[in-house]
Every structure is written in structure tokens, then in C-alpha cells.
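In the two complexes below, subunit A is the common chain; its partner is subunit B in one and subunit C in the other.
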Partner chain A sequence: MIVPDSADVTTDVTAELLRYAEACRTAIPAYLPADGVTPYLRTPVADYLARPGKGLRPALCLATCEAFGGAVADAIPSAVAIELLHTAFLVHDDLADGSELRRGQPTLHERYGAALALNAGDALGVYAMSALEDNRAGLGGSLAGQIAAEFEFMARQTVDGQALDLGWRIDNRLDIGPDDYLELIMRKTCWYTTILPLRVGAITGSRGRADVEPMIRFGFLLGAAFQIQDDILNLTASGGAYGKEPLGDLLEGKRTLMLIHVLAAMSPADRNRIEGFLAAPRASRGREDAIWVAARMEALGSIAFAKAFAAGIASDAATAFAAAFAGVGETSAKAFVRSMIPFMVERTW
Partner chain B sequence: MLQRLLGEVQRLGLATASSVADRFATLVRGTGIGSPLDAIDVAAAARSLLAPVLSPPAVGGEVESVDLGSAPAGGEATGSVWVHNTTDQPAPDLTLRRGDLIGPATAAIPSAAVALAPAGPVTVPAGASAAIRITVAVPPAAAGGTYRGLLVLSDPPGGVVALRLVVTTSPVTP
Partner chain C sequence: MIVPDSADVTTDVTAELLRYAEACRTAIPAYLPADGVTPYLRTPVADYLARPGKGLRPALCLATCEAFGGAVADAIPSAVAIELLHTAFLVHDDLADGSELRRGQPTLHERYGAALALNAGDALGVYAMSALEDNRAGLGGSLAGQIAAEFEFMARQTVDGQALDLGWRIDNRLDIGPDDYLELIMRKTCWYTTILPLRVGAITGSRGRADVEPMIRFGFLLGAAFQIQDDILNLTASGGAYGKEPLGDLLEGKRTLMLIHVLAAMSPADRNRIEGFLAAPRASRGREDAIWVAARMEALGSIAFAKAFAAGIASDAATAFAAAFAGVGETSAKAFVRSMIPFMVERTW
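Showing the complex of A and B:
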């Protein structure tokens, strides 16, 4: 049945985001070991989870499940698995990148050392699999198997994308273009941040009957807008709700649209200086140099370029959303997912 | 000038993202994951993609002109038409009708050689844009020269986009 959209159905995106995220957060402790586990594991595992993140990924999954006719409870195990895997990725990424701050506090390896942080990241991945296993009881073996296949595909993309990101930095690749960047974030970020939550939500809510292929396009446009804005915030945000180390991406040598642009736009002398900065080991890169690179990006229009690039991507997200949610009745859950489009571009945290 | 440049960057962003999304959709289709459990509902979902899901009816749209560049006789030229719904109302069921591309003297490329994707009606939400991919299969016997044609937006009537294509009769070197 085709139900017309209604402009009357609106949503407070921040309040709804918090509500969905809270539903997931409340369910997480049931999947973590309570007794009989050493505090050397229990404490670091619980650390990041106790810091309030946006809860974007579980919220997308739970809302999409509702929009496709399911109940929030139906998708809780999958939402928990997404959040635990996300947390595991963060722990390992922070270690690999040498990041200092996560959600306004020291990263796990800074606080507990690399070895315990690495182990906690492994454990979070294991607990995510336990949550996913709960889908068998709630949804049946066939649907649970379909969802597990989605997770397996996502995980392959994520680790491949992370390897590509690290490899570019290790080899100090400077011949990266915007298309390479989008390929990278499709694998490393978008699949697990937006595409998987949307697809699993739709599969769960429709009991496997939805065509989830259009979610790839919608999820990618949404996720790419999210990641580009994240990269911009790392250059322009200063403390507050942002929670990450300002200019951390530059200090880590991360390839972003702004870096791609500034490398192409700057003079040969300036380019030599930035090449030297990127070729140096992470610990040797000075904050003064990072501030200089950020200033060149601002002066040469690299940030404006990234914003326009993201705006172009987001401009088609509404159309992609209509295709992905075609035939789905208008509800507050659907309105919430739609409202994530401007949120991704305009957010400051 | 700056606005024009930013507009070009926006188009680059969307075109590049579209290419990546399309490639991954093909990749996932090959794996079989995410295939609906009930084939009947797949058909329903596909139909619904082409059905008017937005109301009230469309109240306006704007289209651009498109330069398809150059292509050799027997080759292929591609481009995209952007439909921008600048109103605060959704624009459902927009279709583009193709005409022949008229070339030098009596030369013409028939409208049947102009393919649009998606081929069916497009719904553009309020304030959003949609891309329609154009592919021209240049007949092998096409004469060299500049060809021009029109695409007409069927609903609302009156919207026109001009196409320009240069056909070369010898291989184009980069």
C-alpha cells in the first residue's frame, strides 16, 4: 500500500536521537560480563560506553525498523551489536592513529595503555557477536542469518577501508583524489555508520520482505555528508561538545577532502613544506605546522570546497531517501530518519 | 563566479558519490545479501519506486542545459540532467520526453538512440534535486558535426533542457 507523505509529521531530531540512543544504551549492559571477569577487562570495556556519544548508528537502525513496521525491541540486539562494534572500532582506530582524545576524555590507550586497550577492543567485538546471536530467538533463524550476513559484509568493508586509510599514510600517498576519498569513506565509515543500520533496520522491521538495495545509495549519501562534516569540524571546532582533539586529523596525516584540495591549490614551496610535514612520524608533527596547514586550507578555499562537495552530495539525499522508503507509511520514525539529512550537514558535534 | 564554481563542486561531489554508490550496489547484488525473502514483495517495492508517493501534485521544477561533449560515430556520449525542485512542495511523476538530435545539413540522431535513466517518472521532494542520466548511442554512420536537441519536461509542461553533442568521425585523442 502506498501512503502519501505528510508534511505534518515532523520530529525534533535531537530529542528523538537521544530517545533511540537511550533505548540501545539501556540494553547494552545485558551483553557485557557482570561477574567473574577481571577488572583489567571490565573497566576499559565499560569506559567508552560510559561516555555519551551521539548514538547515531543504533538510532538509525531502531527508527528504520519502526518505519518498516517493526517494534524498537525487535532491533535492539542488532542496534547493540552495531554500537559495540562501533566502540571496538574506535578503540582500535584511536590506537592506530595515536589519538589523544575521545569524547572529551583521554583515549583508551592513553588511559590504560596500548595492550589493555587492544584487548578491550577485541572483547567489544566478541560481545557484539553475542548480541547478534540473540536475533535467533527474537526473529528466527532465517532472518537472523540474513542480518548476520549483513554484519559480515559490513565488517569486511570496514577493515578493508581502515587498511587503505593506514596504507595511504604509511606510504605518504599524495596522489589521492576526491573519488579515492569517497571510495575510502564508503568502506571505512559509511557502511557501518549508515548503510548497515538502515538495511538491518529495514530487514528487521519488514521481516525480510523489504528491498534494501536503495538503502546503499541513501546510506552512502547520508554517511558521506556525515564524514565530510566530521572532517571539517576537526579543523574548525574548538573543544566544547565536539570532543575530539582539534586538528587531530592533520596531526595524524589523515587524507581528507581539504587536504586533497590544498595540496592541489598551494604553491610548490608550500606543497614541499606540507609533504615534509606528512612524511614525518606522527610524534614529530608539530601543532604549529598543523595550525599553518589549517590556515592555508582556509585561505585557499579548501574548507569551502569540502562544504560545497558535501552540499552536492546531500542535495540528492532526499531523493534517495524517497526511493529507500518508498511505500513506507509516514510515521514519526520515518520523519526522524529523513530529518537526519540536514542534521548530518549542519551538526556542530 | 564564486557561486558558479561552488555549483560545479557540488555537481562533482554528487556525481562522484553516485558513481561509488552505484558500484557498491552492483557489488552487493552479486553477493546476494539483503535479497528479500518474499519475491512478491520485491515486485511491489519496485513498483512503488515508480509510483507517486508524494502529494499534493507538483507545482514546479527547473532544468538545466547539458553539454554532452564529443563522441565518435559509433561511440557513446553521456551526461546528466539535473532537475531542481525549488518549491516547497514535492514534485511527483516528472518525466522527460526525448526528441531527435539535429545535426549538420540533413543529419540527425533519432530519439530512440537517446536513453534516459531512470526511464520512468521521477519524484523530486520539496527543495531537492534529482539527476537523470542521458546516454546517446551515436550511430556508426552519423555525420561529423554539432548536434542539438531538446528534452521536454512533461509535468509541469514548458520545462525544456537543451542538449549539445559534437560527433567526430575520427578517433578522439585525449
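Showing the complex of A and C:
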């Protein structure tokens, strides 16, 4: 790991993360439906937002805006738009995956039914666009247009990545390698989780003067570290702060580094069993089988492999960070973004 | 009816409708995903678009743009955005309603599964935003911003109306009256089907100089006439050009004018039976029961009631049209929009 005293840094990161996330969270209600809108929409739309998430995406955007010379307030509409879109993706992903838990409570479709959840996800996307519209007043039409184009490009990547993720599972593809996995999470996770927040933060803070090209590489590495740790936590975390269904990824047949590794490492007999597990419909995959797959992953070093992989990516991310933030001075905002690198792979929630 | 020789007008309308719709249809592929995007996205996204719809919404937008002094080309990005959003709504509505047929073929979720259909609907919304972005180059940032704000407001109405429609069915509300129905379709149908295309067409054609306030009343009446006829066709149309599942609205428990009327008009015993039908889950509602409900609607004059209701609305729409288009000269484009009024209630597809 790059940062020597990671324990201290992590403590700081958590407090700063909370501060940035809170700045976004308090701005969100102004963009949600008010009186005159049916509770069949208002209630499900507000539900996930009332369950505290980490706020990683808005925090990255707001801190990067500050690091590039702007004020937190300058990037609030974009940060709100990111968080609302993220929430929209969560709602639709949970529905598509048949997930049961989100942030420690039943998923939206479990609570309100698939139809109202689907519509609430659509609405969250609409409200995100409303937030983006506010950039026009705050930053002028030209910069607002540039940011809107960033969002549009990102959204295209996200739906493409989501389709790939679903398609691989539907077709039960077993020929996926680590490169395929990285390509998938580049599209599905990194663009919206890290690359866009970083780029939009830098564009906003520098009023369009920063070269945001190097943010793609840094964002990719940061986002990949985040996603691999996310996948690991789904296997290893339990109870408490971890709000998703443990082993849910296995039950949903998600292609992860651990799955790729274990498929390559296991005996033919075991491989037959796991292939049968993956070929079965989601509803008939048993939890005992998932526990067995997780145990094989542990025994065959698949989790250690993924951890080492993530550590290597985090190390590369530190170099990429230096390039992407080379043009700006050392501020606490810049330090916060840097400290997100170890945070991504060390977090337990 | 207002137009005396409706047979002739309908013939003209159909040809003009086709011409406008075609101008939009040929522009759409440029906004769809190209090489490098997974077929798990490309294929479902293109599916509904390859099934020819009426193209009412883009036609209204393009003709209104012409009527207000613009060229068809000026409004193409907005017309494309409307058609893509309409397609996105169809995909998600079909999924939410569990519908089986769309334009004579299996619905998207029937063909590709719920998850890929859901994601394709999301993607269509994203591509609609991309089309809108092109207004910036064609019309300038200020007008493009005004049009984007129109879309945003419209989308808020649509998700609100969709939630209301779903919520009434989920809670099996039986206390819905004609006014509630009109409020519902104002939000769910009229804003995106008629009001937005008319307003955006007028804004674009007049380069922002037209007073588009009167378009709300005209669009509401035109859209209501469209929706009531749509509901009637679901009861009375069969085979051929009609591409939806006959009686699908009844099987889905949709609140229509005919349902409102028949609930009020039928005997207590019959009302008990229909309430049982509506209280049952979608999957256990039988087609025989739906046929029985449709027969009661026919016998008790519910369909005649809805037809008379639509005719009254079409008559009011003619007056509202005169007010909304008072400022522009008599052109074939204006005549086309006027002729859409009888078309809405006389169409059989």
C-alpha cells in the first residue's frame, strides 16, 4: 500500500467523506417531488435516499472541484445529480438482480412491488436531470452544456456495462477472464462512480480549464479498486454496517474476479458442480451451494488473489492520481481524494 | 364532430402523418448505439423502433414547428427525443403491466427477459437526452435550454402519472371518477404525447417567440381524445393493425372511463363479481371474466358513454386549437395539426 499510516488516514477520510456527503445530502430534497405529486411516487423515491449510503460519488466530485480551485457549492448540482442517478441505478439493478437487501433493509421492489420501484428509478433519473439543469444558472450555459455532455457519455457507458453484466449471466458465460471483468466494471461501475465525479469536479473547479483526460485512467483504477473490494465484501462481510445480502453476488451469478479465479483453479468435479449451480435459474440456486462456492474460493486462494489484484490496482492508482492532479497545489481537498485510494481497498462497508 | 368530411381528412392525415413520422424515423439510427456496444443492449434497444408505430408524437412536433414558421429539420432532434422517450416508456410500462404484445409482437421483456428490457428502457431514455443535446448546435444554447426544461417538466408529469396509474391498481381503488381519470391521463399521457410535442414545436418554429401557454389546454384535450380512443380500441379492436393484447387493459385492471361507468351502472351482484375480478392478482384474472366485463360494458352503454365523452372533448379541442394556433397563418402544416383532432377519435389503430 502507498500510504504508510493508513489507519490515521482512514479516520480522516471517514470524517471528510461524511462532511462532503452531507453537503450533497442536504441539497437533495430540493430536487425531489413535493406536494401535488402522488405518494405512490414520493414515498418510493425518498426511500433509498433516507438510508445513509457512503456518499463516495458526490464526495469525489465536490473535493475534486475544491482541489481544482472551485467552491463546494459550485459542484453541488452535479453532485446531487450523481447521487440521484446512483440511486436510480441501485433501484433498477436491485430489480434486475432480484436482490433482497439494500443498506440493511428490503430492496425497493420488495417493499413497494416491481412496478412502483421501476417507476421510482425512472423518476430519480428525471430528478437528476433537473439538478443538472441548475448548472446553467450557476456556471453558465457553456460549462453546463459541457457537464451535461459528460453525464450523457457516462450514462451510455453505464447502460452498456449493465447489459454486458446481465447478458453474461443470462447466457451463463464461463469464458470470462480478468480483462473482460475489468472492461465490464470500467463501463458499469467506474464511469459513474469515479471517472465522471472526478472529471466534472475538475471541469467545475477549473471553470473548464483543466485537462481532464488523465482522470480517465485514475478514475478507472480507483473505481476498479472500489468494485473489487465491493465484490470481496459480499463474500466476507457479515451483519452490522454491511447492508447487502451476504453471498448475494453468488446467488445472482455475478461474474467477479473470485469466480473467474475459482473456475480456473478448481478440480473438474468441483467445476462441474459450480457450473450446474450457475446454470440453474436464480430462484433455484441454494444458499448451501453458495456457501460451498465461497468456501472453495477461500480454500483455493481466490479471495487472496482478488485482494492482491486490488492492491496492485491501488498502487497504480497512486501514480495515476499524481498525473491527474499534477496541475493543482497541495490542499486538504486534494489530500482527501488521494486518501480515497487506500480507503477503497481497506473499507469494510 | 367538427370536420364535416372526415373520411377525406383522415386519408390526408394518414399520408401526412406517415411523411412526418418518416422524417423522424430516418433520423433515429444516428442516436442509437453503434459498434463497440454490446448486442445485449443494441438488440433490445432497436427492437420496438423497428416495429412501425404511428409516429403521432414526432409528427405533432414537426408539423407544429412548421406551422410556427420553422423547418422540419429544426425540430428533428426534439422529435427524435420524444420518440425515443416514448419507446422507453412503452418498454417500462409493458414490463410494469406484464403486457404480452406490443405492435403485434411479444413485448420486450417477453422476448429478452425483464432485466435486459428494463436496461434497454433506461438506455432509450439516455439516447433521448443525447438527441436533445443536439439542439444546442442547431438552435443555440438558450433555446436548447428552454426545450430541455420543457422535457424535464414533462418527464416529471409522466412518472407522476405512471405512479398514480399503478397505485390505483395496486390498492384496487374503486372510487375513481371521470375527473380523476382525466387528471391521471393529463399527467401520464397528455404531457408527453401532445402537450410537449406541441409546445416544443411552437417554441422551435417561432424561435421562442410564440406564446405556448394555450398549447396546454389544446394538448390536454387532444391527448385525452387520443387516450380515450386508445382505451376503447383495447375493448373493441381485433387482429390486423391492432397490435396489443385485446382486453389487456381489463386483465391489467386499468382504470378507464368504461370501467368507471360500468361500476356505477351495474347491479350490486354484477358489481360484486367485477370487484372480485379486480381484487384478484393479475395472473389469476381469467380471460373469460374479462370478456364478461367487456360484454357488460357494451350492454350497459359504457362504451357509448366513453365515445360520447371523447366526441365532446374533441369538440372542445377544436376551439382550443383555434386559440393555440391563432397567431399563425393557414398552412398545410397547421391544417395537419387541426385534422389530428378527428383522427384521434376516429382511428382504428
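Heads up, the rule we're going with is that the second predicted complex is superposed on the first by the 338 of 349 C-alpha atoms of A that agree within 3 Å, B and C clash if a C-alpha of one lies under 4 Å from a C-alpha of the other, contacts with A are read in each partner's own complex, and residues count from 1 in each chain.
As a convention for this text, a contact is a pair of C-beta atoms (placed from the backbone, for glycine too) under 8 Å apart; a residue touches a chain by one contact, two chains touch by 3 or more.
Predicted model only: the values in this text are computed from it and were never measured.
*Asks:* Touch check for A:A123: first (subunit B), second (subunit C), both, or neither?
*Replies:* After superposition on chain A, A:A123 lies in contact with subunit C alone.
*Asks:* Using the superposition on chain A described above, determine whether A:A137 touches subunit B (first), subunit C (second), both, or neither.
*Replies:* Neither partner.
*Asks:* Based on the superposed arrangement, let me know which partner A:A163 touches: subunit B (first), subunit C (second), both, or neither?
*Replies:* second
*Asks:* In the overlay, answer first, second, both or neither for which of subunit B and subunit C A:A149 touches.
*Replies:* After superposing on A, A:A149 lies in contact with both subunit B and subunit C.
*Asks:* Return first, second, both or neither, reflecting whether A:A115 touches subunit B, subunit C, both chains, or no partner chain.
*Replies:* After superposition on chain A, A:A115 lies in contact with subunit C alone.
*Asks:* By the touch definition at the top of the document, which applies to A:A264: first (subunit B), second (subunit C), both, or neither?
*Replies:* neither
*Asks:* Of the two partner chains, subunit B (first) and subunit C (second), which one does A:A30 touch, if any: first, second, both, or neither?
*Replies:* A:A30 sits against neither subunit B nor subunit C.
*Asks:* Can you list the residues of subunit A that touch subunit B in one structure and subunit C in the other?
*Replies:* 142, 149
*Asks:* Using the touch definition up top, name the residues of subunit A that touch subunit B in the complex.
*Replies:* My answer: residues 2-5, 142-143, 146, 149-150, 153, 178-179, 182-183, 186, 199, 203, 206-214, 216-217, 220-221, 224, 304-305, 308-313, 315-319, 321-323, 326-327.
*Asks:* Spell out the part of subunit C that touches subunit A in their complex, as residue ranges.
*Replies:* Listed in rising order, the residues are 33, 37-41, 92, 95-97, 113-116, 118-120, 122-123, 125-127, 129-130, 133, 136, 141-142, 145, 148-149, 152, 155-156, 159-160, 162-164, 166-167, 170.
*Asks:* Which of the residues in subunit B end up touching subunit A in this complex?
*Replies:* Listed in rising order, the residues are 6-7, 9-14, 16-22, 24-25, 28-29, 31, 33-34, 36-38, 41-42, 44-46, 48-49, 51-55, 90, 122-125, 127-131.
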